[in-house]
Structures are given as C-alpha cells and as structure tokens.
C-alpha cells in the first residue's frame, strides 16, 4: 500500500478537535499525545456537552477502559451522532472479552455506533471477531489468529480493524497490512494502546482513507517507541521511556513514517 | 504595581490546603504543581466531603474542564460556602463559550459563587465578558480584546480577572497589568491553564491582595516555562518540557519573580 | 525478620492482575508503578465489572482518595467478595480522620471488608487505631505513636498494618518492624502513598506472608526513592524525581531489597 505523504503536515495545519470519551487512567496521556501529534484534544463527561461537541469534532475516540452504565449510554449516543454526521469514530474496546460487562458493552458499541475504525490488542480483536462472526451465524475458525481476525471483523462490520501487538495487523476487509518494528518497552507502560487510539483519531481527522489513517497512526507509535527506547541513557527505565515517547511523537515528521521495510501486504 | 516580596517563602511556611474541584484530565498535574509551589493539594468528589473540606482550605480552585450536572451543583455549593467564610476562590472556566452546557455552567458559577479570581484563556474571558456585560444591559464592544475584557469583567463582577495567552492580562477593574514572557511550549502540553489556576489558588492563600496574587501566580508559570524550555537538551520535546516545567516550579524562589521588565501597567 | 528472597522474580514470572478501586488523582501513577514492579494493573468504575474482575485478581487495592457514596458501596462489596475468595486486599485509608465522610468510610471498609493489609500515613493509622480500639471498649493511649498504633490496630482487626512516614512501621499484631531509609523527595510529589499501596498489592499477590509482603513493598518504595533522588542532575527537581522513581522501581531486583541495615524489630 501507498503511504500518505503529508498527513502530519496537514494535521498540524488543521489542528482538528479530537473528541474523547475515554477512561480516567490514561486520559492525560491521551490528551498530551493528541497535542504532540498535532490535534486539539477535548474530553468531556457530560451527556449534553459531549453531544454538542461531536458537531465540532474532526474525529471521535471512544475508549471503554473504565466505562460504566452512564458512560456507555453516552458513548453510544454521541458515537451515533458523529457517524451520522460522517465523522470518523475510532473505537478502542479495552478489555473486551474480560468480563460480561465489557463483552456486552463492546458488542453494543460495535453494532450500534458502527465505528469507522476498531483498534484493540490481539485478544480484544480475537474476541470481537469471534463474537461478531458468531452473531452472524458464521463459525469462527478455531485456528483464527490476529492476521485473519482483523479481516473477518472488518468484513463483518464494514469497518477498518487494527490489532496491535509485537506485530500489528490492519485490515479494511479487502486488504490486510502487517506492520513491523516498535519496541518491547511499549508494553511496559500503561496506556500505549489508548494513546494509539488517540493518534488514530488524529490521523483519521486528517486523512479520508481510514485504512491508511490507521496504518499511519500505528506506525507513528512504533517509530516513536523505537526512538524513545533508543534514546534511553544508562539508569533510565520505564519512567524515562514514557517521557521520551511523548518527546518522540512531538518531534515526528512525515519523512519518519515511510512504509517501506515496515508495512507489508498480508 | 509592586510585587509581593516573600510570597513563596510565606506560602511554603504555611503550606495551606488548596481544595480542588477540578477535572479528571489534569488533576494529577494540578496536585503536583500545587505541591511544587508549596501548597497542600486536596481533591474530592463527594458532596459532603467537599463541603466540610472547604472549612479547612486556604483557597478553593474550581475548574469546570470535565463538569457534569452533579459536579456543577457541588462547585456552586462548596464555592458559596468558601466565599461565605471569606476564603479566596479561583475559577477556571475551561471551555466557556464552547457549548451550551459550558456557557450556562460558567455563568452560573460566576454569578452564584462570585469567585475572587477568574482565570481563563482569552477566548473564555472574552465570552464571559461579553455575556456578563450583556446581562447587565451594557453592549460589549465588538472590538473588545483581552486587555479590555479583563477590566470589563472585573468591574461587572467585582472580582480579579486574568486572561492568559502569549501575553497575559490581569485586572481588578481599576488597574490592569500586562505580563510578558513565557514560552510557546506552554501551549503544547495539556493543563498549563489548569496548573496556573492551581498556582493562583496557592498564591491567593498566601497573599491577601488577590490582584497581586494572580499576577504572581501567572508570573510563576511564565518564568518556569522559560526555564523549562531553556533546559531542553537536543532530542527532547514536549515530554521533557512537562517534566522540566514541574522541576522549575519546584525550584522557583521569590527572587526569580521580579515584576520589572515583565509586568506593565496597561 | 527474614526477607523473602525471590519475591520480585516470582511476581514478574506470575504477572498477577492487581485490581484497583482507586482515586482519580493518582490512578495513572498506580497503574504504571504496578507494571514497573511486575503486576498487571486493572482499574474499573462499574459495579458488575469490578465484582467479576475480583475473581480473576491476584490482589485487590482499595484506595478511598476520591471516594463518593457509589464508589464506597462498590469498594465494600468487591472487597468482601475478594476476601471471601481468600485474596489479599490492601486498604489505603486516604485522608481518614480528615472529614466525617472519610472517617465513616474508613471505619466501614475496615470492619466490613476486613482487609488483609491496611497501609496509611501515620495520621491516618493513628486515627484508625484510636477509633477502632475505642469501638472495642479499649482506651487509646494518649501517648500513642505510630510504632504502637500499628500493633494496636493489627491486633484489634487481625490484619497487617503499615504506617508510612520518614520512618515506617509494619505490624501483624505480634511483631512490629521499623523501616529506615527513603528520601524526603517522596513527600514532595503526589501519590507516593497510593503507589506504595499498589506495590503492596503486587507483593501480597506474590508472597503469602502478608507481613513480609508489606515490609517488602515499602522497602521497594524507600530504595527506589533513594536511587531516584541520588540520580537527580543539577537543575532537576520534583518533575525528574517522579520519572526517576518510576525508572528505579522498574529496575529493582530482589538483591536491592535486603533487610539488613534497613528493617529492625521494634
């Protein structure tokens, strides 16, 4: 696939509002990452405020990391409004599959909001792919893996699906990309998944092709992760990795994000 | 105007409780900044707890960044109690003007709590100045700018008003000060506005002249921002700026905060 | 007392889920500290989700820093379930004694959940020891200090009690340990108490002896605090201390945590 050539340049020129309905654990990281890449983050916890804000947003990020009954209702209502207005909605199904509450919430958001992009870790995507496919009367393949699950889920719901991990997979149901690179440190701090969802919201607000936007956003996190780990001095651990990751995202340029040698067709 | 000479020294000797009713995005930053300057932060989300805590506080900071109906009621009730006890209340009208919910909430807090100091960015203060003045039957001047808006709002409500931006303005309705300095990095991380409100709460708890306290607090953030940006090593970006900003606030002394060459009468 | 020899090694091999019902101020710090020591943090704000998650947890950490009526009910219900399943529950009674709401909440959690380990600062533990002992018809000694309070509270409730401060005390009601070391910087950032509770949850999930687990966890924070303060470069203040503290925890090994010269029988 072909990489967007000036996505970050365009994003930073537009500074779109990236509307977040997200969790309390990593909300500060998501705000700072959004700013670092070039978006303008907004977070809200009031139903009416969130609904009106959707009208001004360049993209909406829904993250169910610490959802409850009230915030779930808000996510669905605001998500439907944003989709109805043709705005990209990124859904991060944090912990989908782990508990009954999360299983049901993830499936409701998936089917009622119809997100533009679903981005989860491999376990979350495997759960959704299995459940979503099962709901439609198609058996999930027991040997299913992330590379196949992204395609199945994308086809079943007509969206772009990304599964993150040491190797990432992104699919629009027709094409699937495999992304290599990154650094093991990315799994040693909280919120890199949530931050990737925020970066995906930024990229989707700047680039109309949701598949390209998702690949680009994940590549941003992988390249920044490599730079952050590479910059660690002796005696520095995960604390400095977090800081250097934010440094690296703020210093990324489109030239750092070439697909050659990193992004492959599956 | 004349700068307080030993505000930080007094603050650090007293360590007043700085009571926060604030948002979930930057609450950790506000707590750490309060500690770094010399106050003792307390945050609470229970109505009764917040109300009792107001009695022990040196100052109250109300920040409506992620308000909802319940927290708005709490802000008003606790704010009125604090004012009734003669305690300084700092109000940060985050996003005032952006949505109906925020417009109404900001005006209710302004009129029902009657904060000692209102500190917002220029857009927020321009909205409040326009609305507040309009409510009183006086036309807002279409050519109004932040320098005039702080004075109008201060006069209309009998409070001190600060509008932050590349240049900051603070007014008590009679006198207006213009503050220069700071660094562009301050706009590239989330929460510097919220943190400035916390610093303002600290300064107001240590200095009875609310006008001087607001100017001093904003100057703390500007000087710390300059020091933090100046300390950045090659390859460091917004991640390290955040850390170095907290470093710099914790290392500020009264001698760093002279008004000459930074604070001017308008 | 004898130190566990391979607690961190075992913890990192097991990576137990450390379930948190905690406050919004330091929740991100608690998640990152849990990861840094070797646990897998999970935070949730939904009643049903929290209850089911207790079944999968290696330990539960209850922190009442920003409790309200709803979260208090959840803490008690989920805490009772975890105890009923024989899982270690760590309780951090943040601000116990400060307000009526907090006094009542702390005593309810103490008596209804019956936590495995109660870890607070000296003021919190002195309040609980006085109140709990008074409830049982035994007079609190007016000359009570932290060293005695931990033993009294531990005896009254059949749990392990830790009181943190420049010197820490841990007791199981029979034996009391005094811990020395640490650094004054630990009191200059928000959340070191909360983070210590998270580390205690990690250690309790890896080590069946709750007394040894609590001592080990507090020692982790003291040793990491010393390393972080020692690593500060000129011009670095509390911002870098926070980062270097997380660095240091992530780089701790069992060999750093010998009890000799640090942990004494009282």
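Read from first to last, the chains carry the letters A, B and C; within each, the first residue is number 1.
Methods note: a contact is a pair of C-beta atoms (placed from the backbone, for glycine too) under 8 Å apart; a residue touches a chain by one contact, two chains touch by 3 or more.
This is a predicted model, so every value here is computed, not measured.
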Topology of the chain contact graph, where touching chains are joined (line, ring, star, complete, other):
complete
Here chain B maps onto chain C under a C-alpha rotation whose angle in degrees, rounded to the nearest 5, is 120
Chain C and chain A are one sequence twice: same or different residues at the contact, by the over-half rule?
different
Using Cα averages as centroids, what's the distance between chain A and chain C in whole Å?
34
Would you pick out the residues of chain A that each touch at least 2 other chains?
24, 28, 242-243
So in the complex, the part of chain C that touches chain B is made up of which residues?
23-26, 28-29, 65-69, 95, 98-102, 188-191, 235-240, 242-243
Okay, in this complex, where on chain C does chain A touch?
24, 27-28, 31-32, 35-36, 41-49, 52-53, 56, 231, 242-251
